[in-house]
Amino acid sequence: MKKTATLLVSCPDKKGIIQAVTKFLLSHNANILHANQHLDTENNLFLMRLEWDVADFSLCENEFHSNFEEVAKKYGMDWRLKSNQIKNRVAIMVSHYDHCLADLLHKHKNGDLDCEISVVLSNHKNAEELVNFYEIPFHYIKVTKENKEKAEQKQNEILNRLDIDLIVLARYMQILSPDFIRRYPEKIINIHHSFLPAFIGAKPYHRAYERGVKLIGATSHYVTEELDGGPIIEQDIARVSHRDQITDLTRKGRDLERVVLSRAIRRHIENRILIYANKTVVFK
Amino acid sequence: MKKTATLLVSCPDKKGIIQAVTKFLLSHNANILHANQHLDTENNLFLMRLEWDVADFSLCENEFHSNFEEVAKKYGMDWRLKSNQIKNRVAIMVSHYDHCLADLLHKHKNGDLDCEISVVLSNHKNAEELVNFYEIPFHYIKVTKENKEKAEQKQNEILNRLDIDLIVLARYMQILSPDFIRRYPEKIINIHHSFLPAFIGAKPYHRAYERGVKLIGATSHYVTEELDGGPIIEQDIARVSHRDQITDLTRKGRDLERVVLSRAIRRHIENRILIYANKTVVFK
Amino acid sequence: MKKTATLLVSCPDKKGIIQAVTKFLLSHNANILHANQHLDTENNLFLMRLEWDVADFSLCENEFHSNFEEVAKKYGMDWRLKSNQIKNRVAIMVSHYDHCLADLLHKHKNGDLDCEISVVLSNHKNAEELVNFYEIPFHYIKVTKENKEKAEQKQNEILNRLDIDLIVLARYMQILSPDFIRRYPEKIINIHHSFLPAFIGAKPYHRAYERGVKLIGATSHYVTEELDGGPIIEQDIARVSHRDQITDLTRKGRDLERVVLSRAIRRHIENRILIYANKTVVFK
Amino acid sequence: MKKTATLLVSCPDKKGIIQAVTKFLLSHNANILHANQHLDTENNLFLMRLEWDVADFSLCENEFHSNFEEVAKKYGMDWRLKSNQIKNRVAIMVSHYDHCLADLLHKHKNGDLDCEISVVLSNHKNAEELVNFYEIPFHYIKVTKENKEKAEQKQNEILNRLDIDLIVLARYMQILSPDFIRRYPEKIINIHHSFLPAFIGAKPYHRAYERGVKLIGATSHYVTEELDGGPIIEQDIARVSHRDQITDLTRKGRDLERVVLSRAIRRHIENRILIYANKTVVFK
């Protein structure tokens, strides 16, 4: 795999932004591989993703920061640089249902998820052996109504110690506290088992069954303080019929959840996602 | 096309129902072409659709009614017979947007909708020429807040006079009164431009855009007094991205609406749908 | 889970078949849960699947065989009975790529595949630990041009000894000999990584890339002597674009293959599939 | 709608291309709305689409041509400029089946296809009234084995006289001569009723039925001298089952064909497509 860097930029739209950024990169001998830009005319917001080969690139990451600041300042840019040589450090949180976890662990081992899975945290013990098989640290942290604050403290300690970049809620069925969520802005990805905004909250398959829908869905989104209300990254659906009982919806849904969650994670770790106005721009 | 009859049956489940019905049909020399049964174990409800070749069948429709009553009574059946030789008489109601209408008219002419389109009612005039082109009667009935009751009276008169079996709301943007709806139970099919139950009510594409969904949908359902709350017949979705503005959602949605509405109508006129517990059983 | 039996029937169409079979079942006190029939008018072929609750059913499997023979003979039926209490004994054959295998093993453990996985055979060693983790016997059998016949003998011995009902080729990249295939008619299910009949044979993703398709697919089918030419059970597709390189097609394809293969296996082990004219009837 | 211009560029990859082009545009006061680039590393080919607001742009189209030549030469660019103020002049060719035609005419009238439909040519008369209704010129040109050359001459005369930019084969069932095709390179779009490369040539639905596929497809592609072998623009599929007879495949296929063809045309007239190596790059 080529060594590359990606730059995500957002700023108020003005003439000349693309030219300014590409000129900067060129002056440091970058060979641009992918360029992708989006303009939200409603909000006059310019958004861009650039990826370049760093083989001949003359700046190291620190130099980039100091040198690019001038351009960034001029246009009022928010920006984020990422080298594909430095893997995202990912923590997976999971409860009883381990189908997404098993899928992610296998994809990671296969090379389909280019990150480091640093730890798995669970409020159940059943996934421990599976996680051990993949030689990833597993921590069982019991969560009850009473100990929730303490449990989150323990989780936080581990996440901090491991310097986690991304938390994946792979069917983690506890609601995180606002405090917890605020520590990890745009860094927690959840899989919800409905096509949001339909069936927010608990038991979406039961409610889908009750409503008699002909499609079920799954949605991967960033977690914000509003339950199932954060920026949507990816969604997909499967067809169901009157023959499908709740167990069938649940089973069909598992295949959806696996696929939708892993797609969302890939896009995050490839530095493809910009967030604004509670929505995502996903550069493909 | 073969001359066939279809029978839809629902009743409390008991042993022997299939045997009883098929024995009855056989005794009158029916050649069964399709048999499809569903059991809702939760509600102990038996549901079935049978279709048979009437070439050798010894009963006319009236005779069927009197003869079958004994079987039906024994099992407490709700049942509905339909000959494919007697076309459903369909009225289409439409407002400004005529894309579903145009699609239905062309499909009908092509032979893809095996019904009679008896009339088109609109609170706008723009579709008149198109409807005339297809040689179908068109009535313009203005609807305002003030004249709504009178307008519905006029609509009712026409629908009654034409002995309409099915009313299709092909993007008819007026909310029908409970009175109107009660006259046509399980006989009004609507197309709603979202994947229900998401985005009930007005401006679903605007709200989908605002929420930043990655899929938009369309839903065809029977109309009940609860807004967008009736039994769902068919749904489908299309993928969207951050590049899609509201006009793009609307345009992509039009293709969805066309397809979803026409599928729902086909299933209704082929006598494939049973309704209970605010859900549909659609026999394919 | 309810104890049920399923009966699959095919025979030349005649009046009275449904009545005859349901009368037989009723006389032995079966409570029919699902009935599904299909008529191929072109070939005058009647096909049916019945599933009933065996709680009150008065016949054991042996008695069924002797008692039903009279009905079967009268109509010239091919038929197959299966109790959901007797699990299919499944062997999985796999080569280097283990993503389908990993998915099947996890689904099986989860209860999503209601069968017994009796053994995994591979011409590679890499999956051994994974299979061991799930506590399923693993046999490494090297296959080369020279030893192919001997290798198949070893495979056959194991399959015979374990009384295997179904062989799943979960990305097994060796072509089986006609001799081998003939031993297991309608008992070998393969996953091919294209939407057949496009891209039969080797390297379908490479050829899809070369052709510039906008969709890739996967197909699960019964294996016959004609390469990738057997009856299709299930297919699905994923969207690709010019941005997707062969590695992307391969990765996206893996998700397809997992889902398509496991769906096909489920339908087989639920006794839902009838085969004729090199096609499948899949009762849902 | 904003007045915009789009530029499509392809050339051997080198450092600095994006910078050079955006610098050029900036120097003439363009406000870039969309920028999209793709690099085919295998072929070392750089491809880009830029769209800018022309409100403040200081060059007219002729000036652009003379001024941009210097940049283009330096990098060996193939390039194509298109203003959205100058509509593509489109000819539709159609045979007996008019469902795609009817859909395109209605979409055009609705504003969903931003082009001029200059003429409809048909070797059948049945669509004449429909085309007249939409007030578009219709020419009936009979095509037989014997008169094919003459018929193509007549078609060519009309197409030349009207200065046609794009020819849409909306289920035109005659094979065009190599001579005809060579006159309109990358200017003829066809809809084929299969997921190519499966079922090339005649009667794809019949062959899909015979093969027992579980998905049918439609493909829109540029026409080259190789039958159904040109660069693919768009494909989509629909699910079918054993219940679907050839007439059902054909009917379901019609909805696919409508949608797939109109999507492909939109992308062409929005100047989003680059072709190389018999494949398309479709910038979205």
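Letters A, B, C and D mark the chains as written, and numbering starts fresh at 1 in each.
Quick note on the criterion: a residue touches a chain if its C-beta (ideal position, glycine included) is under 8 Å from a C-beta of that chain, and two chains touch if they have at least 3 such contacts.
Note that the coordinates shown come from a computational prediction; the quantities given were computed from them, not determined experimentally.
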item	value
Pair exhibiting more inter-chain C-beta contacts, A-C or A-B	A-B
Same or different residue numbers at the chain B/chain D copy interface, by half rule	same
Chain at maximum distance from chain D, centres defined as averaged CA atoms	C
Centroid spacing, where centroids are CA-atom means, of chain A and chain C in whole angstrom	36
For chain A paired with chain B, centre-to-centre distance based on mean C-alpha positions, whole Å	41
Chain A: positions in contact with at least two other chains	38, 241, 243, 284
Of all residues in chain D, those that touch chain C in their complex	38, 195-199, 211-215, 217, 231-237, 241-243, 277-282, 284
In the complex, chain C residues that touch chain B	13, 15-16, 18-19, 22-23, 25-26, 29-39, 41, 48, 239
Of chain C, residues touching chain A in the complex	99, 102-103, 106, 110, 112, 129-130, 133, 241, 243, 251, 254-255, 258-259, 262, 284
